[in-house]
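A, B, C, D, E and F label the chains in the order they appear, each numbered from 1.
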Amino acid sequence: MKGKTPKESHTIMNELVLPNDTNTLNNLMGGRLLHWMDIAAAISAQKHCNRIVVTASVDNVSFKHSIKLGDVITIEAKVSRAFTTSVEVRLDVWAQNIPSGTSVKSNEAYYTFVALDKEGNKINVPELLPETAEEIILYDGALRRRQLRLILGGKMHPDEATELKALFFSVEK
Amino acid sequence: MKGKTPKESHTIMNELVLPNDTNTLNNLMGGRLLHWMDIAAAISAQKHCNRIVVTASVDNVSFKHSIKLGDVITIEAKVSRAFTTSVEVRLDVWAQNIPSGTSVKSNEAYYTFVALDKEGNKINVPELLPETAEEIILYDGALRRRQLRLILGGKMHPDEATELKALFFSVEK
Amino acid sequence: MKGKTPKESHTIMNELVLPNDTNTLNNLMGGRLLHWMDIAAAISAQKHCNRIVVTASVDNVSFKHSIKLGDVITIEAKVSRAFTTSVEVRLDVWAQNIPSGTSVKSNEAYYTFVALDKEGNKINVPELLPETAEEIILYDGALRRRQLRLILGGKMHPDEATELKALFFSVEK
Amino acid sequence: MKGKTPKESHTIMNELVLPNDTNTLNNLMGGRLLHWMDIAAAISAQKHCNRIVVTASVDNVSFKHSIKLGDVITIEAKVSRAFTTSVEVRLDVWAQNIPSGTSVKSNEAYYTFVALDKEGNKINVPELLPETAEEIILYDGALRRRQLRLILGGKMHPDEATELKALFFSVEK
Amino acid sequence: MKGKTPKESHTIMNELVLPNDTNTLNNLMGGRLLHWMDIAAAISAQKHCNRIVVTASVDNVSFKHSIKLGDVITIEAKVSRAFTTSVEVRLDVWAQNIPSGTSVKSNEAYYTFVALDKEGNKINVPELLPETAEEIILYDGALRRRQLRLILGGKMHPDEATELKALFFSVEK
Amino acid sequence: MKGKTPKESHTIMNELVLPNDTNTLNNLMGGRLLHWMDIAAAISAQKHCNRIVVTASVDNVSFKHSIKLGDVITIEAKVSRAFTTSVEVRLDVWAQNIPSGTSVKSNEAYYTFVALDKEGNKINVPELLPETAEEIILYDGALRRRQLRLILGGKMHPDEATELKALFFSVEK
């Protein structure tokens, strides 16, 4: 299976914040944004895998800015690393209020997906071949994020998480 | 402000998995579940705070089982700890396929919310008073989860995360 | 087939009133509530029957209080009586406005469902075994409500409706 | 206030049964139909009252035929009687499966609405002036249906329901 | 195959403009109206063809009046001409604001549909037999509109569009 | 007001075709696509105008390929010409079926929008400054398309449509 670059899975999604997406303060509800991010990330993962994909996990997402009714949301997604039968997708989210001219970087997040064949069995995916300096940083960091997911999911003991320890406790070294 | 027990914010939500919630394998899409979980958690947080609340973050969520079209989703939410102007909500999610008689624990997750007054300013929330042994464990763990959120959000240096270090690297001590 | 208690079909659903659920006075539209009640009742009926169920009828529902945008709706459903191939489900609906601290009992209603096998044929359902005093009252009243449904549907002559007559015209006796 | 004929509030609504409107047997869910009927009836009531209207009640509705995915639903609504600040709307519902050429009368129902001014206060509505023989029958029957609603809502004692008794127990006379 | 009159495909659809259908000025979004028009026209085309139909084209539509939240939209559709395997549907759209008593003709439009059998192959449709003077004018104009569609789609050279030329350049003759 | 390039209004939207977007042959309904195209075009027009915009018209759109459930729709939009208070937006639409590896150019279309201030009055918009050869062709063609819209809307006599005549009847010259 031939490897692929992040560019090949690059996906852009724009959404308009409509009334039903907001709470009584006219702010976009976090769950609605998580839903859109999942769809954008799934399209990106599909482009890399050429397969049906299902969400395996979402990493910690924090919502720093309130996004308002009528804002334009832009979600950019691309695969940051491929594992045997799964991919990690990096998401960047912006919110623009066009009439007032404001634009903020709203979120950064990682979703992972598993690739399935038509019977629903896991199937191998192409390798990711990062090209730019930024893509290589994302690619390298994916190991640490994966270790954190495994520890939080109770599938790895913290002692085995070599890369994660190096990041979290660098000053100790 | 009088403290409240977790029972006072206990919220149960049932949803039926409809065609538009599923992918082409007839599996519930992860983002749709994250959206429902956000609504259930927001109702729970509102009950504790008696205020409008907005999502501040969602912790790492993993999706271990595929959930099918027609399944009944049950989401239970209750506040696990209150901080000055925010609360952490613990979620447990089950999926039941009634005609086939199967039921699985699908997810455990934590969402945090900030309480706002009508002008959208942060406002103090009541303390949480855990009662049962399980509620006390969730209450105690909230500090560690908060440190992890702050580190992942770039707002805390790993060295300051005393509780988190104790958990992750207990064997080192 | 072993009988079941009402507790086994007890179902709680919480919904947030969103903009699209409301009219231009920001009041929840009655039809939207009837839709949610149908889903909650169907989940409850499914739990009792362990089968796919379809709505057979809804009894007279009256809407006494206006419910506002942002309110939290709580619907509780449980089977009140089982007949040969159908069940009657009792619903209680509350509306809470959390920031203002108000809560009203909004509706009481009865939906009936028919249980079907995978080919869509009617199929026998377990008996209902009421336990509490309130459940026994609901169970007994189900006969009268059924007679009223049959009369209104043109399937029974009023003279045959012994239980209904006893209720409606007790002073005549 | 000048009276109005039923023709002036006549409203026709067509809807296509889409996947999300159906259960796992591909049958239209009853609650979805109740929702559409409420919108059609509200439009009809608005046309009569020239006011914002809110649903006050729905009478017993029974679902006799299963309606399938892809069917065309036709709902006809017209005001059957006006009271001081409310109207009763009669609904007739058909389901057509066009490729197979079948069409069934699916439901008959009555919804009542209260007319409100912009502050949400009840306000008087025009009288209904029935014209055809069928409209006069619906107009006359409205009194009986109203008495049944009041009895079921606990607002009238059965003894006072003169018109209802005449219908239900005609053989006794 | 027996021909059919326009009356046999006459379809009326009423929709209420809900918050999610509007932009931040509370005006109905054009795309939402185009979506409703497509459903109304498809039902009309189905009635003529007794077949599944798919949209083949929509002609130029202009939106002259702003339509507000809470308005009632009335869409009338009927087949204006049948070709071998397709039909042209004429749509008239009105918007009514009932509390303020205003009503405007909002749009006139033409959608075309192709009839398909269950395998998705094109299939012949009944001829249209116009009856009234207005229906004959619509029937005659359909040829010109078809030529314009073919030219705009790059499938006809302007020189061949005899009927269209006669309309557009009548003064030249 | 400083002019803007087409690049500044370039907007990409990806959507996944879900069950409710399809007919009983599992094909995307045309009206749903027109709705998505309107949102993508409105975002693009907003970016150019920095204003709230409302749809003024959609030009003839034809649907040449059936798009299936689960396909990924990609819509690209950019402003092709600005007039005094309105802009024309060019749309290109692709449909990709990722598991089967197929991708088709599904549509090309033009939507026009009017820019409004907060009171809903028309307001001047920046000029468009085309850069590439393709953008200049789109810019030049906008005059002809505008004349066709005006003629079809009954606001221009065919004789005045100099640019349109040149295109349609070039062989006559």
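In the analysis below, a residue touches a chain if its C-beta (ideal position, glycine included) is under 8 Å from a C-beta of that chain, and two chains touch if they have at least 3 such contacts.
Every value quoted in this text rests on a predicted model; they were computed, and no experiment measured them.
When every chain is reduced to the mean of its CA atoms, the largest separation from chain B belongs to E. Separating the CA-averaged centres of chain B and chain F is a span of 43 Å.
Work out the mean CA point of chain D and of chain E, and you get 31 Å between them. The set of chain B residues touching two or more other chains comprises 19-20, 23-24, 39, 42, 52, 70, 118. Chain pairs recorded as touching, per the definition above, are A-B, A-C, A-E, A-F, B-C, B-D, B-F, C-D, C-E, D-E, D-F, E-F.
For chain B in complex with chain A, the touching residues are 23-25, 27, 29-32, 34-39, 42, 52, 54-63, 66, 111, 116, 118, 120, 148-149, 151-153, 158-159, 165, 167-171. Put simply, chain B touches chain F in their complex at residues 19-20, 22-24.
The residues of chain A lying in touch with chain E in their complex are 18-20, 69-70.
Contact residues of chain A toward chain F in the complex are 11-16, 39-40, 42-43, 46-47, 50-52, 70, 72, 98-99, 101, 118.
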